[in-house]
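The data blocks that follow each hold one structure.
In the two complexes below, chain A is the common chain; its partner is chain B in one and chain C in the other.
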Partner chain A sequence: MRERTARIAGSVALAALFVLPLAVLALQAVADSWSAPGVLPDNLGTRGFDVALRSGRAGEALANSIVIALATTVVALVIAWPAARAIGMRFQPPPTVFVVALALPLLMPSYLAGFGLTEWFIRLGIDGTLVGVVLSHVTFALPYAVLILISGFGRELNSLEEMAAASGVGPLERLRWVTLPSLRPTLAIAALLAFLVSWSQYGTSLAIGGGLPTLPVAMLPFVRTDPQVAAAMAILFLAPCVVALAVVARSARSPL
Partner chain B sequence: MVLFGGALIGALKVSLIPLGGGAGDATLDSWTDLLRDPAFRDGLFLTLRIAAVSTVLAAVAGLGLAMALRRHGTTSRAVASLPIPIPHLLVAVIAVVWLGPGGLADRTLGVLPFDVIRDGGGLGVIGVYVYKEAPFIALLVLGSMGTALAEREEAAAVLGVDRLHSTAWVLWPAVRRPLVIGSVIVAAFAIGAFEVPLAIGPNYPPALSAYAFEATSGDVIAGEGRAAAALLIAGLLATVLALVAVRAARGVDDA
Partner chain C sequence: MSGGLAVTGLVVSPGGSQAPVLRGIDLEVSEGEIVAVVGPSGAGKTTLLRALAGLEKPEAGEIALGGVSQLRLPAHRRRIAMVFQEPRLLPHLSVEDNVGLPLRVGGVAKEARRQAARARLGEVGLGGFAERRVAGLSGGEQQRVSLARALCADPDLLLLDEPLAALDPNRRESLRVLLASVLTARRLTTLLVTHDRTEAAEMGDSIALMLEGSIVQHDEPSAMFERPASGVAARFFGISNLLRIPGGPPGQVWAIQPEHVAVGAGELTATVVESTYRGSRVRLVLDWQGQRVEAMVDPAEAPAAGALVGFTLPAERLWPLPGDASTGSRTPAEDAGQR
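Right after this comes the complex of A and B.
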C-alpha cells in the first residue's frame, strides 16, 4: 500500500514537473491581459498568434521550418544509409575511430558550422536559400542518422538478406520485404532525430539563412520582448515535434 | 564530413584572412585581438562555468531521475522524457513565463530573491540546460538498468552485500559509462550553444557563441575574424573535453 502511494506521488510529481510547464505555456499564449499578482489571466484572446503571424512572419517561418526539416531528414537518411550499411555490415559494434569521427560535428557549435560554410555557399550561390540551409542542417543531422542506422545493419540482417537472395528474391523485393521491415524501428528513430535536429537548429539557420525566416530565428527576439508572442510561437514550434514523435512511434510498430 | 570539414576550413580561413584578402594576407591579428579582448575572457569563463555547473547538475538530476523511474512503467518514463524532443529555445520560453520578472513564480511565491532570467551568472541558462538534459541522461542511464543489473543486485543481496556496497560495486559500474557519455554530450552542447544564452543569458559577459554573434553585428571586417576565432576555440574546448572524458571513462573501465 505504501509503495503504491509512493508511486502515485511520484507520478504526480513527474506530471507537475514536466507537463504543467507546457500547459502554462498554452495559457500564456492566449493571455491577452495578465496583470500581477493574478495567478490566472484577466483576458483571453488571440493577440499572441496575431502578432506572431503578422509581425513575426510565423506562418512563413513555420512553412520554411517544415520544408527544411523534412528535406534535411530525407537527405540525411539517403546519405546515411549506404555509409551505415558499409560500416554496420562489417563491424558490429563499430570501431571507436568511426564513432569519434562521426560524432565530431556534434561537438562543434552550430554557429561555427554556419559561419564556416557561408563563404563556400556564397560562391555556390546557395547562401540564403532553402537548399543552403538544408545542407547546413545535414552537417548535424547526418552523424545522428549514421550512428543510429549502423545499429540496424549487422550479421542478422545480412543472413536474412542472403537467405532471401538464395531463395531467388530480387534486390528490390529484398529491400521491400526484408531490409526495410527489419530496419523499421531504427529507421524511424534516425528519421525522428534528423527531423528534430533540423527543427531546432538556430545557429546554422541564422548564419546561412540570411533573411529566410525559420521558426527558431523568428521566435528568439520575442523571447526577450513579448512572452505572449513567444509562447504563441512556442506552441507552433512544439506541434510538429509532437506530430513527428507520434508518426515515428506508429511507424516503428506498423509496417512501412 | 565534407560539409563539416568545409565549415572548419571556412571558419579557420575567416579567422586568418581578412574579408576580401588572399592567402598572402594571412595574419594572426584576429586571434591576438580576441585574446586581448576582456569581453572574450569574461565570456569564456562564463561559458565554462555554465557548462560545468549545468553538466554536473544534469548528471546528478539525471541519475536521480533514472533511479526514481527504475521501477516505474512506460507512462511515467514517457512523461519524464517529454523535455527531450522539445527544442531548447522552447524551454527558454517556459523559463521566461515561469521565472521571468512578473512570471508565475513571482505571482505565486512573491518576488524571487534573485534574478534568474538575464542574470550575470547565467542561472536561467543553467536551469534550461538542466531541465532539458537531465531526462536525456536519465534515459541513457535507464538503458543500462535492465534485468541483468537487477539480477546482479539480487545476487549481491543474497550474498549479504549491503546497499552501500551494492551501489558501489554493482550499480555504479553499470551506469558509469552512459553517465559519462551523456555528460560529455551535455557539456559540449553547453559550450557551443547559442540560442539559449542569446535569449535569456546575461547581456554581459556574453557566452562564447553570443560573443561571436555580437562581434559580427558590430565591426563586420574585424568582427568576422574574431567571431570565427572565438567559435573555433569553443569547438576545440568541447572536443578536448570529450576526448579527456572518454579516455577517463575507458581508463576507469580498464582498471
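Right after this comes the complex of A and C.
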C-alpha cells in the first residue's frame, strides 16, 4: 500500500514537473492584469493572443514556420536517405570519423551559418524567401536526419530486401512493403528532429529571412516588452510540436 | 515449367572482394532434378545460390534457365525463388501476407492471392496459420512459411540454402520429410545447399561437391560415397581409408569405407591401435604395415586395443582413386600427430 502511494506521488511529481511550467505559461498568456504579489492573475482575457495575432503577426509567423518546418523535414529526409543508406548498409555501426564529419555543421552557431549563407543567397536571389530559409534550415536538420536514419539501415533490412527481390518483388513494391515499414520508427524520429530543428531556428531565420517572420523571430521582441504576448506566442509555438510528437509516437509505436 | 539450369564458367567475387569465391563453376541441372550441393564451410555454396538468384553479380560465365540467359535479368525478374538459412519473414505482415508477398507484384487480386497463399500453407502443413502473426511461430514453422512463400512465386528453379541448419534435430527431421515430399510431388528443379552429406544423399537425385569455389565432382549419391574422384572428396564423404595395396599398381591409392572392411578373418593382419565404442558399433583403427585402416565392427566382436586381428579388403568394395591421390593417405603415426 505504501509502495503504491509512493508510486502515485512520484508520478504526480513527475507530471507536475512537465505541466506546471506550461500551466504558468498558459496563465501568463491569458493574464490581462497580474499584479504582485498575487498568486493568480487579477483579470483573465485574450489580449495576449489578440496583440500577438494583430501587431505581432503571429498568424503569419505560425503559417511560415509550419511551411518552412515541413519543407525542411521533407528536403532533409530526401537528401539524408541515400546518404544514410550508403553508409548504413555498409558500416554498422558507422565509423566515428563519419559521425564526427556529419555532426560538424552542428558545432557552428546558427547565426554564423546564416550570416555566411546570406552572402551567397543574395547572389542567388533567394535571400528573404521561404526557399532561402528552408535551405538554411536544412543545413542544420540534415546532420540529425542522416545520423538517425543510418541506424535504420543495416544487415537486417538488407536481408529482408534481398528476400523480397528473390521472391519476385520489384524495387517500388519493395520500398512499399519492406523498406518503409522496416524504417518507420527511425524515419518518424528523424522527421520529428528535422521538424523541431527547423521550428526552433532563430539565427539563420533572422539572417536569411530578413523581414520574413517565423515564430521564434516574431516572439523574441515581446519577451522583455510584453510577457503576456510572448506567452501567447509560446503557446502557439508549442501546439504544432505537440501534434508532431503525437504523430511520431503513433508511428514509432508499431515497429517491426 | 521450362527446361533445366545450365551454369558455365561462373566466376563471382562477392561484394567486389579481390579473390573470387566462385572460380569457374560448371553445373547442369535437368528439369525436375534435385541437386544437393555439399562442401565444407567457405567452399562457395551460398555464393553460388546468391549468384543464381541475382543477388551477386558474376564477373564471368553464364547462367541459363530453360535456355534463357539470366545474367541481364535483375533478381525480381528471374523465375527463381530462394529459401534462406533463416526464414526472413516480414514481422508487420500476417503469415498469409508473408506467403502471398510474391503475388503482390503480378497484379493478382486480393482474393486470388489469399487463396493461393492458403493453398501453399496447406501444402507445408500450416493450414490454420493464415491469420497469425509471424512473431509467435516456432523456428520450424517460420521456415515452413518461408518455403510456402517460395512456392507461391511458382518458380522454375528453387534454391534452398541450408533451410534446416538453424533447427533443432526433431524439427529438422520433420521439415526434411516435408521438404522431400513437397519437392517430390512438384518435381521442381531444385538446388539444395547443405553441409550434411547424409541429408544430401537422402534428398538429392544427384550430389555436387564444391571445394574452394569449384565443383569437383557431380554424380549420383552412391557414386559420391563409393567412387570419389579424389582423396579430399573421399574424406568429405566419410571414406577415411585411402590405402596403397602391396603388390598392386605402384602409386595407386584405393578408397574403401570403414563399414566395408571385414574384420575377424582373412589373409591380412593388423594391430588394433584404437577401439572406440559408439553405441551400436565400435570404431577400430588398425595399423596395417604403417598404414591407418578404419573399420566398424559389432560391439560383441570388437577386439581390444593392442590385439592382432585378421581382416579383408573386399575387391568389389575397393575403388581406385583417379590420378595422384597420394595426399589423402595417412599413416597411424601421422594421424596421432594430428590429434
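Following the convention adopted for this analysis, the second predicted complex is superposed on the first by the 246 of 256 C-alpha atoms of A that agree within 3 Å, B and C clash if a C-alpha of one lies under 4 Å from a C-alpha of the other, contacts with A are read in each partner's own complex, and residues count from 1 in each chain.
The working rule: a contact is a pair of C-beta atoms (placed from the backbone, for glycine too) under 8 Å apart; a residue touches a chain by one contact, two chains touch by 3 or more.
If you're wondering where the values come from, they're calculated on a predicted model, not measured in any experiment.
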Q. Taking the superposition as given, does A:173 touch the first partner, chain B, the second, chain C, both, or neither?
A. second
**Q.** Touched partner set for A:111, first chain B, second chain C, both or neither
**A.** first
(Q) In the overlaid three-chain picture, which partner chain does A:73 touch, first (chain B) or second (chain C), both, or neither? (A) neither
Q: State whether A:163 touches chain B only (first), chain C only (second), both chains, or neither.
A: second
**Q.** Comparing the two partners chain B and chain C, which touches a greater set of residues in chain A
**A.** B
Q.
Taking the superposition on A as described, I'd like to know which of chain B and chain C A:181 touches: first, second, both or neither.
A. second
Q. Of the two partner chains, chain B (first) and chain C (second), which one does A:135 touch, if any: first, second, both, or neither?
A. first
Q.
Show me the chain A residues, by the header's touch rule, that chain B contacts in one structure and chain C contacts in the other.
A. none
Q | Residues of chain A that touch chain C when the two form their complex | A | 159-160, 162-171, 173-174, 177-178, 181, 254, 256
Q: Name, in rising order, each residue of chain B that touches chain A in their complex.
A: 1, 3-4, 6-14, 68, 71-72, 75-76, 79-80, 82-83, 85-90, 92-94, 96-98, 100, 102-104, 106-108, 135, 185, 188, 191-195, 198-200, 208-209, 212-213, 227-228, 231-232, 234-235, 238-239, 242, 246
Q) Inside the complex, what are the residues of chain A that reach chain B? A) 7, 10-11, 14-15, 18-19, 21-22, 24-25, 28, 36-39, 100-101, 103-120, 135-136, 138-139, 142, 192, 196, 199-200, 202-203, 206, 216, 219-220, 223-224, 227, 230-231, 233-234, 237-238, 241-242, 244-245
Q: Please name which positions on chain C make contact with chain A in the complex.
A: 53-55, 74-77, 80-82, 84, 86, 88, 90-93, 101-102, 104-106, 149-150, 153, 159
